[in-house]
Amino acid sequence: MTTPRVAAAGASVLALLTATACGGGGGGAAADEDMHVWMYQDTLVVVQEAAVERFNEESDVQAVIDEVPGDNYEERLRTAMGSSEQPDVFFNWGAGSIQPYVEQDMLMPLDDLLAEDTELADAFIPSILEAGEVDGVQYGIPLRGTQPVILFYNEAVFEDVGVEPPQTWEDILDLVDAFDEAGVTPFALAGADPWTEQMWLQYLVDRIGGPEVFQRIHEGDMEGWRDPAVLEAAETVRDLVERGAFGDAYASVSYTEGGASTLLSEGRAAMHLMGSWEYSTHLDQDRDFAEDDLGYTVFPPVPGGEGDPANVVGNPTNFFSVTADTAHPDQAQEFLRYTSQEEYVADMVANGEVPTTTNAEEAVADSPNPEFATFQYEMVRDAPHFQLSWDQALPPETATPMVTEIESLFNGQSTPEQFVDALAAL
Amino acid sequence: MSTTTTRPRGTASAVRPRRSWPNGSRRRPNLLAGAGSLLWLAVVGVPLYALLVATFQRSENYTSEGPLAPPSDPTLDNYATAIENGLLGFVLNTAVVTLAVVAIVVALSATAGYAVVRSRTRWTHGVFRAFLLGLAIPSQAVIIPVYLIIVEMGLYDSLTAIVLPTAAFALPVCMLILVGSMRDISEELYEAMALDGAGSVRTFLQLVVPLSRPGLSTVAVYSALQAWNGFLFPLILTQSHDKRLITMGLFEFQGEYRVDVPGLLTAVVLSTVPLFIVYLVARRSLVAGLMGVGGK
Amino acid sequence: MRALPQNRPARSGSAPAAPAPSSPRRARSVRQVGRPGGAWALPALLYFGMFAALPMVLVAYLSLTSWGGLGSPRFVGLENWSRLAGDPVMHNAVWLSLVLTVLNWIVQTPIALLLGVWAAGPQRNRAVLSAIFFLPLLLSSAAIAIIWRAMLDPNFGPLAWLGPRLGLGSVDVLGGSTSAFAAIVFVTAWQFIPLHMLLYQGGARQIPASLYEAARIDGAGMLSSFWHITLPQLRHTITTSSVLMVVGSLTYFDTVLILTGGGPGTDTTIVPFLMYRAGFRSWELGYASAIAFTLVVVATVIALLLVRFTGFGTMRSTREGM
């Protein structure tokens, strides 16, 4: 590198730098013109994309979807919320996930919108709409279908091995042995995304001790982790792991990268405990499998358990919230109305979702798999209790280490007793 | 020993003409060293080969055909997909950030280095010491206050937000390199400039800059690599798609490509192309520059 | 061995004690001309102050606050620090960081040194091999971590093909505690050995051939030459390389995030990763700042110790002996 070259490069780069700095400012200005809608990146975003398209035809303010990769969604959202580059409308999990923003008065209350537009208010199942409230004030409008956690299985694999889907806990244990012998991993498990392991624990604690166990923890009493049901659930997890229920290569399998789902669709695993969106994922990634071989059933009861076997865990739905400082408050509220429109609901159904609107029962008839949609709809409708995912229910400073403890339990790095102690100490 | 009158034994250039080496005079080649280097060749070469092969492989054949066999049905689709996914935009952003960082670092470290070496002002001592203390501080450790400062400046989610702290944290090492390089300039040359009536600006431009060329190119290479590799600053300080740098882009492709390992690896390979071209064009400077990080 | 002694901070900027070649009187008058003022250092100083020094002060302050990234930090005194002292995850992270640092040094130094010395030699093929060895340096940490993550994927990577053929079944390297940690050591070695090899190659080229010739006349063998000439002559390169390595070991954040995400469990959660997790996952930015400040202090202490005890000071005598 000769000096003139260095100098020339320096000069040209300083010019570039100035340009970049301006570019940064320019980005901010552009943000004021467009309405930014943040979405968690997954295969279902097509529904919101279609809604944005319809919205933009009517509106002078153009909506833009910013897809944020799932792994980093909450981190990105919070760093952006702390800056002046906030989104106008954003995807969230309701209640606990928006609490910190509500505390800082960063969200727009939507009570007036619902009072004004009773059609919108009545469009959603009331108990689901309620999950979008914080301290009695509405901050979220449902944007997705219900997301109960379902036990999915690969029918072709069950046929090959000559077994039936599980009804009881004994069935589960027998199936583990049968699939192990057949050289198929009994359950796909995405150990690199420990929130998927959390689903097992949520169901087990609920089946063994009922919803009251987590309710106590949710209210802030960390001693609630010492409930015998938690210990028994943790012991059951260890028992499953030691029986080889998840194979021996689950710890680095990812869900967000599609690993666990692919193991199921390729028949390398027989079952997969996952949120109902798993169906849509397969519909997008491997349509033949989703339509022909994807089986589903409820999580079986645990012997001696106190919980109602009809209870469900998962996410009631996801919500759109509007930031208080948005430059387009009216347009943002207008956009929220699109979530109850006929086309929107039809798009959800076509992508395998079960909407949370009151007309869902009729709508699901048009589902690519009406049978699955009806199953899911009735499962949620008939559930005495729908437990929100623990990591969404608890504040992040507790949820983050909790999820890590769950991972350690599954990996055998801590015993059930150590697990309980660690959680109680959070 | 005087720092100003004694020229160090090595010339200012980091790449020196190959000199005779004792092994050269041996008749027997060093078998052990040869074997060791071949072993390392395997450690470096096999993964790189597997990486390249994978980019021509169809994702559905990837696990069945094995990582080393040439694809039975080679394809360029992976490259097309990676480009469609906006990889080139990420590369462009990264290039802009890299050039800006290099410009800032070269300008600031050269002027400050000159002051440290030649200035009579007392506190330039202190300046240099302050910079040296910064040598060991991992930039990760200050991401939280940097986030705070960037937000306060209204720069969140801009390329400038990445450039500013990245350049700041490259400064200490670059100062060290340049001060070393500038000390090699002999007192006589300065005196000649002075007798010529040159002021500090002319001395800087006509004497210091030309003679610290190797140092400057090391500084450029070092700061460019820092910027090119940056991960945490872009992760925390930007979010939108059009401000994405290549490291971030790859990180997020991990989620987007799902189990398409060949697709992901193709993005990795493509992301390296700009640096690879620089390497082909300016291999000597690059190697010399990196050697300089240690030597100076 | 080039100008390393000049790098010593103690020598910075001052007029040389040694006599200038010209007559003292003339030198004095000439020395006043063309000297830069302290203002030349100001831009760099202000810039560094704003984006590096100020953050270091701020991180110390933030460690005394409770802050969730929204609103303003709230002063809480030493609460974060007392919590940090009793946090088993932090203790583990410190331990893992130490182990990683030591292992990195043990693995990387001998390999880089031997390769560097070899590459400085005249062997045929050396240029070609050196060019290949250089290639990992063209990849970013993120790219390298992604490559290895893919290579080590038990279900969809090469291991899925290789494992069964070696009779190992599923090999889940990144899923096991020890193996995941080993993978980080290996991947960082793969990434950084080329750089250190270059440093050693540069260092070895500076060793005067006359030393070896003299040794050969004395009948010293290859090993003996290596031990008595190469190693002592490379001592400053070893110091530089070690400082870079040790300080670098405290910064392998991106590698950990991409390769293992700190897992399984917290078994690869080194201090910088824990800071990231506490800050940007748990949103306890005050607590994370306490971790960050610890990192700053540890890094500074290590660097100072290394510089002091491994001999920037002894360097001069080595050179003078040559």
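Labels for the chains are A, B and C, by order of writing; each one numbers its residues from 1.
Definition applied: contacts are C-beta pairs under 8 Å (C-beta built on N, C-alpha and C of every residue); 3 or more make two chains touch, one makes a residue touch a chain.
Remember, predicted model here, so these are calculated numbers, not experimental data.
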Overall pattern in which the protein chains touch one another (line/ring/star/complete/other): complete
Selected pair, greater C-beta contact count between A-B and B-C: B-C
Interchain centroid distance [CA atoms averaged], chain A/chain B, Å: 40
Chain B-chain C separation of Cα centroids, rounded to whole Å: 14
Contacts with two or more other chains, residues of chain C listed in rising order: 153, 155-156, 280
Residues of chain A touching at least two other chains: 79, 82, 259, 262
Junction residues of chain B - those touching two or more other chains: 104, 107, 236, 254, 259
Chain A - residues contacting chain B, complex: 1-3, 6-7, 9-10, 12-14, 16-17, 20-21, 23-25, 27-28, 41, 66-72, 76, 79-80, 82-85, 256-259, 262, 285
In the complex with chain A, residue positions of chain B that touch it: 96-97, 99-100, 102-104, 106-107, 147, 150-151, 154-161, 163, 209-210, 213, 216-217, 220, 235-237, 239-243, 252, 254-259, 282, 285, 289
In the complex with chain A, residue positions of chain C that touch it: 68-71, 89, 152-156, 169-177, 180, 260-267, 277, 280-284
Interfacial residue positions of chain A with respect to chain C in the complex: 75, 78-79, 81-82, 100-101, 103-104, 106, 191-192, 194, 247-253, 259, 262-263, 268, 396-397, 399-401, 404-405, 407-408, 411, 413-414
